[in-house]
Each structure stands twice: as C-alpha cells, then as structure tokens.
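Letters A, B, C, D, E and F mark the chains as written, and numbering starts fresh at 1 in each.
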Amino acid sequence: MSDSDDTPRHARHTVFGRQHDRIFERLSSLDPDLSDYIRDFAYDTVYDRGGLDLKTQELLACTLLLTLGSPDELKTHLRGAMLSGATEAEVRETLLFAAPFVGFPKVVAAFGQLKSLLDGKQQP
Amino acid sequence: MSDSDDTPRHARHTVFGRQHDRIFERLSSLDPDLSDYIRDFAYDTVYDRGGLDLKTQELLACTLLLTLGSPDELKTHLRGAMLSGATEAEVRETLLFAAPFVGFPKVVAAFGQLKSLLDGKQQP
Amino acid sequence: MSDSDDTPRHARHTVFGRQHDRIFERLSSLDPDLSDYIRDFAYDTVYDRGGLDLKTQELLACTLLLTLGSPDELKTHLRGAMLSGATEAEVRETLLFAAPFVGFPKVVAAFGQLKSLLDGKQQP
Amino acid sequence: MSDSDDTPRHARHTVFGRQHDRIFERLSSLDPDLSDYIRDFAYDTVYDRGGLDLKTQELLACTLLLTLGSPDELKTHLRGAMLSGATEAEVRETLLFAAPFVGFPKVVAAFGQLKSLLDGKQQP
Amino acid sequence: MSDSDDTPRHARHTVFGRQHDRIFERLSSLDPDLSDYIRDFAYDTVYDRGGLDLKTQELLACTLLLTLGSPDELKTHLRGAMLSGATEAEVRETLLFAAPFVGFPKVVAAFGQLKSLLDGKQQP
Amino acid sequence: MSDSDDTPRHARHTVFGRQHDRIFERLSSLDPDLSDYIRDFAYDTVYDRGGLDLKTQELLACTLLLTLGSPDELKTHLRGAMLSGATEAEVRETLLFAAPFVGFPKVVAAFGQLKSLLDGKQQP
C-alpha cells in the first residue's frame, strides 16, 4: 500500500503529506479491503481525475466533511487544504461559507477542528 | 428588495443572473422576513465577504446542496456556478468528487438536476 | 382503526382534524402494522403523555419534520399546529427559528409547504 | 456498458433484472464516468464480493436508501430485493425494522415507494 | 462582544446565563467573524424576534440540536431551556417527543447530555 | 425491567447478551420512560416480530447505526450481530457494503468501532 518511490505522484501524497503512510496503515488495520478501496477508488481514481486543481478539491472535501460531521477526516483535510496551497484565511472562508446552508452548529464544530489543528502545529 | 440599478454589485446578481428578481419575489411570497434574511445575511454578508472567488463559492454551494438534498436550490446554483465562470466540465468534476464522501445516490440525484438544467437550456 | 365515537379523545383527533380517518386509511393501505405502530406508539403513547400542551408538541413536530425533509408529514403538522391553537404567525416564527440551526434551504422548503397549505385553504 | 451475453454474471443483472440496460443508459446519459464508477466500483467490486448472499445485500440496500431518502433508488432496490429472493413479507419486515432507529416519517415514505412498486406490477 | 451592562437585554443573556461571556469568548477564539454572525444574526436577530416565548424557543432549539447530533450545543440549550423557565420534566417530554420522528438512538444520546448536565449541577 | 428468568425469551437477550441488564439499567438512569419505550416498542414489539431471522436484523441494525453515526449503539449491535450468529467476516461485509451508498467516512468510523470491539475482546 505504501509507495516505495519518494516522489509524490498522487494527490493523496500532497493531501496527507508526511502522514500518508500512517493514515493508510491505520486504514489497513481497520480493514485491508476498505483501505484499498479508499486508495484505489477515492484517491487514485476520483482525486486524480485532474479536472479541478487540488486546492479546490480540498476545499470541497472540507465542506463535505463539515456537513457529514466526521471530525477526524475533517481535520485531516483542513490540513490537506493548506498542504495543497490554501491559506488559513481561505480555509476559514470555506467554513464560514457553509453557515447559511447548513447552520451554525456544524460550522462551530468545524472551527473547533481547525483550532485543534492550528494549536497542535504551534507546539514545538 | 429588487435593486433599481442595472449594474450587478452583489454576488447574488451574478449567481442568479436574470432570475434574480424572480427568485427574491418567490422568497418574499413565502415569507418577507425569510427573504430579507437570505438576502442580507446569506448573500450580502457571507457571499460578499470577498475571501474566495465567486466560482469557488458556487462550487462549494453545489456541494452543500448536493449533500442536503435540496434539488431546486441545487439547480439554481449549478446554473450559478456556470454564470460565475465554471465550465460544465468543472461542475461535473465537482459533483463526481462528492461520491466517495457521501455515496452515489446523492450524486446521481445531483446529475439529474444538472441534466434538467442543461436540457432546459437547449430548448429554443 | 377509526374510532366510532365522534368525540376527540386523543391528540391525533385534534392534530389531524377532519383528515383523521383518511390519514389512517392511507397508512393502513401502506401497511397495517405500520399504521398500528404509528397510532398506538407515536400518538396514543407519546403524543398523549400530557406533559406538554398540544400546541407546543405540534411546533416541535414541525421543527422535526422540517429537519427531516418530510414534506407531506410537515404539511400535515403545519395544519395540525394551527388546529392545536397556534397562529399562522407562530408557525412562521417556528420555521424561521430553525434557520440558524439547520440553514436556509430546509427552511425555504418548509415555507413552500406552508404556502401550499395556506393557498389550498383559500380556495372555495 | 451493456453486456452482449444474455447470462447474468454480475449481481447487477439480478438486482436490475430486465431494467438493467435502461438503468445504465440513464446513468450514462447523466454522466458516463458516473455510470462507469457505479458499475465498476459499486456493483462489480462491492456487490460482487460474495461474502453475503444477494438477498441480504438487497435488504441492506433498502435500509440504506430508506435512510438516505432516495426514493427512485429505493424503489429500484425494493424490486431488486424481490428479484433476489426476498418475499414481499420480508421486504415489509425490513422497512418496519427501521422505525425504532430512524423514526416513522422515513418508513412511511419507504412504504409509499413499495406501494407504488406493487401497484405498478398489478397493472396488466 | 461582551456587554458591559449587567442587565440582560437579549435572549442570549437568559439562555447562556453566567456562561454568556465564556461562550462568546470561546466562539471568538475559534473565529471572530463566526462569533459575530452567531451573536448578531442567530441571537440578536432571530432569537430576539419576540414572536415566540423564550421557553418555547429553547425547547425548539433542543429538538433541533438533538436532531443535528451536536452534543455540546445541545447541553448548552438543555441548560438554556431550564434557565428560560422550562421544568426538567418539560425538557424530558421534549426529548421523548422526538423519538417517533427521528428514532431512539438520537434521543438516547440527548438524554446522555441531559444526565451529564444534571449530574454536573449536583456537584458542590 | 430485568427479567428474573435466566432463559432468553426475547431478541434483546441474545443481542445484548451478558450486558442486557447493564444496558437497561443505564437507559433507566437516563429516563425510565425512555427505557420502557425501547424495551417494549423497539425490542419486544419490533425486534420480536419474527419475520426476519435475528442475524439479518442485527446486520440491518449495524447498517442503520453506521448511517446515523451513533457510535456506542453501533458497537453494541456489532457485538449483537456476532452474538446472533454473524461471523466477523459477515460483519465486515456489511460495513463495506454501505460505502457506495453513504460514502467512506461513515464506513471508516464504523470499522473504528469494530476494531475497538475486537481489540477489547482480545484482552484477558
């Protein structure tokens, strides 16, 4: 499941960054077939289509995960959005934009994940 | 509620295009306060923040409405995305991108709205 | 399933009003056990607890159905709220109140059901 | 996309029955890539795993679509459940079983789809 | 964002009680614009409309948050309902009332939040 | 609420196994009426209908709870499925089957609950 080559060739390498192998190891520990489906279909098929730039895809992913209420995946993709070229300000805009569509409670929860991510980064 | 000035000054003029006044007339017929809140908060406050380009906002809006299962609003914003500079191909990418996150049934329904929009446009 | 006695004894008689028997006949045509569970558990057990006044219960029901996106049941309980003593203004307040929690699209859809109900009533 | 061979080899042939080609033609008219993903991933990868019998899979599909509120797909899989060996009584049990978990409104809507399916079948 | 004046003038002062400033400080630490939107739109515009009494609004809020699955906000508004004049019994009625509409799991989770709130209060 | 007789007579005895009394004691500590409704309606009425075998019911329950995002109840019914005769492999198939319908994030969360259950079992 991990790639022997150091060069990122897939969107997932950029999105997950240095956590790439850890994320797929955890998925594989949950269920190997689940992990393969996520890698092969979600990432190497859908993410790698190339019709949208990766930054836009990651902002869409943050919106989808905010709506679903999946806090761990949201945190991963808030980080992934910034690894794909989004500024913190653009990520904040994306979360705020959802409020009139899905209401404040889901947006507050999403900003909680963002704060947790940013606070964690500031630690030495 | 309608603006006497022809020049679009708000995101909502671009997003709704020639249907702007019709849309707010319908909202007002549902409830005048509801219509005002949507115009003043959702559009003139959140949409007009300016931190994301309007095309990205509309792709986010399509994703949010696909997830919510709001077919009429989705159709309006599929149109709005294209009025804001997204190509049909980019709109299709946006809908396909949601599949691994929220599953196929909601994506199929969204493409049904897109087909209805595109078929309607082709009529003389 | 219908009650031979004309006197309303259950909350469901007030909520459904003159549509009581028609509603349970339709439910029974869908599935007799489903109809019995709705009558015996949802109405004659939960609705009839008596710890909240029926008007408050019906405003809660409208909120729940707005959130669920069940348009037919919502219309029935918008009517039920008014049959239980809520004014049209109070029903409008209830729908507007949901907007910051669940976003505008679901509230717009709910006002569409209210408009349909009120328009239908005005017909001779 | 359609298979030249008359013999069903995939779960989708049993689930969709005589509507197989029509369903994939419609999906393809919505978006060819969407149609391919549904055929190749949802059906020929996940449905064809073989770890559960097809009847159980279809009852699970009905439950998932009842919960999602996707009426067209639900109707297709209510039919698919019966084409996969479930009796009408077992389909009814499956829908009733969901009530304590997701509430009555979604179950009532699902029985509406079942009634529509069964009524349609009885027509000459 | 905090009000220098001790006298509650807004619904949010009653709903949040002594936690008012702490709640808005936390929201502001998440995102200052988010905090302002919640204060200005959700509370000082929608909550302060005055068309429903605050106790009814808070019971509606509990229902909305039970349905959304937002545990922290639910706990805040379970407390808010009681600060707005609802008895514990009325709050319990409100949560039980949701069961036939949205199913038991969400209601069980809501009672878990209520128990946590009530247990916390009993501590010296 | 607990049964004096050791012999399981209800589906709930098999589904909950040795945790039966603990589960209902906790429900009763949340709210006695809630506990009674779950026992009398959800279990002794719906679960005990007898139209589907208990293993199938539990796989349906896992699907419903995966979709609802109720982690504690999901874990209880993942265990319940295995106590009702499902193999671990069948439980995994059930969770994987949901992915094309509801997307990967909910399925990943469900496998997290399964891993937690299986890891807990392996401890001495």
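Everything below uses one rule, namely that contacts are C-beta pairs under 8 Å (C-beta built on N, C-alpha and C of every residue); 3 or more make two chains touch, one makes a residue touch a chain.
Bear in mind the structure is a predicted one, so any value in this text is a computation, not a measurement.
Trainee: Which chains lie in contact with each of chain E and chain F?
Mentor: Per touch definition, common to chain E and chain F: A, B, C, D.
Trainee: Could you give the fewest steps needed to travel from chain B to chain F through chains in contact?
Mentor: Graph distance in the chain contact network comes out at 1.
Trainee: Do the two copies chain C and chain E share over half of their interface residue numbers, or under half; same or different?
Mentor: On the two sides of the chain E and chain C interface, the residue numbers are mostly the same, over half being shared.
Trainee: Which chain is most remote from chain A in terms of Cα centres?
Mentor: Ranked by distance of C-alpha centres from chain A, the top chain is C.
Trainee: Taking each chain's centre as the mean of its CA atoms, which one is farthest from the centre of chain E?
Mentor: It is D whose centre lies farthest from that of chain E.
Trainee: With chain centres defined as C-alpha means, what is the inter-centre distance between chain B and chain E in Å?
Mentor: For chain B versus chain E, the centre distance works out to 31 Å.
Trainee: Between chain D and chain F, what distance separates the C-alpha centroids? Give it in angstrom.
Mentor: Distance between chain centres: 25 Å.
Trainee: By residue number and range, which residues of chain C touch two or more other chains?
Mentor: Residue numbers touching two or more other chains: 33, 37-38, 41-42, 46, 49, 65, 68-69, 92, 96, 99-105.
Trainee: Show which residues of chain D lie in contact with chain F when the two form their complex.
Mentor: Residue positions touching the partner: 38, 41-42, 46-47, 49, 51-52, 56-57, 59-61, 63-65, 67-68, 89-90, 92-94, 96-102.
Trainee: Chain A touches which residues of chain C in the complex?
Mentor: Residues 99-105 of chain C touch chain A in their complex.
Trainee: Can you tell me which positions in chain E touch chain A when the two form their complex?
Mentor: That would be residues 27, 29-31, 33-34, 37-38, 42, 65, 68-70, 73 of chain E.
Trainee: Sort out for me which residues of chain E touch chain B in the complex.
Mentor: 33, 37, 41, 45-46, 49
Trainee: Flag every residue of chain A that touches chain E in the complex, lowest number first.
Mentor: 69, 92, 95-96, 99, 103-109, 111-112, 114-115
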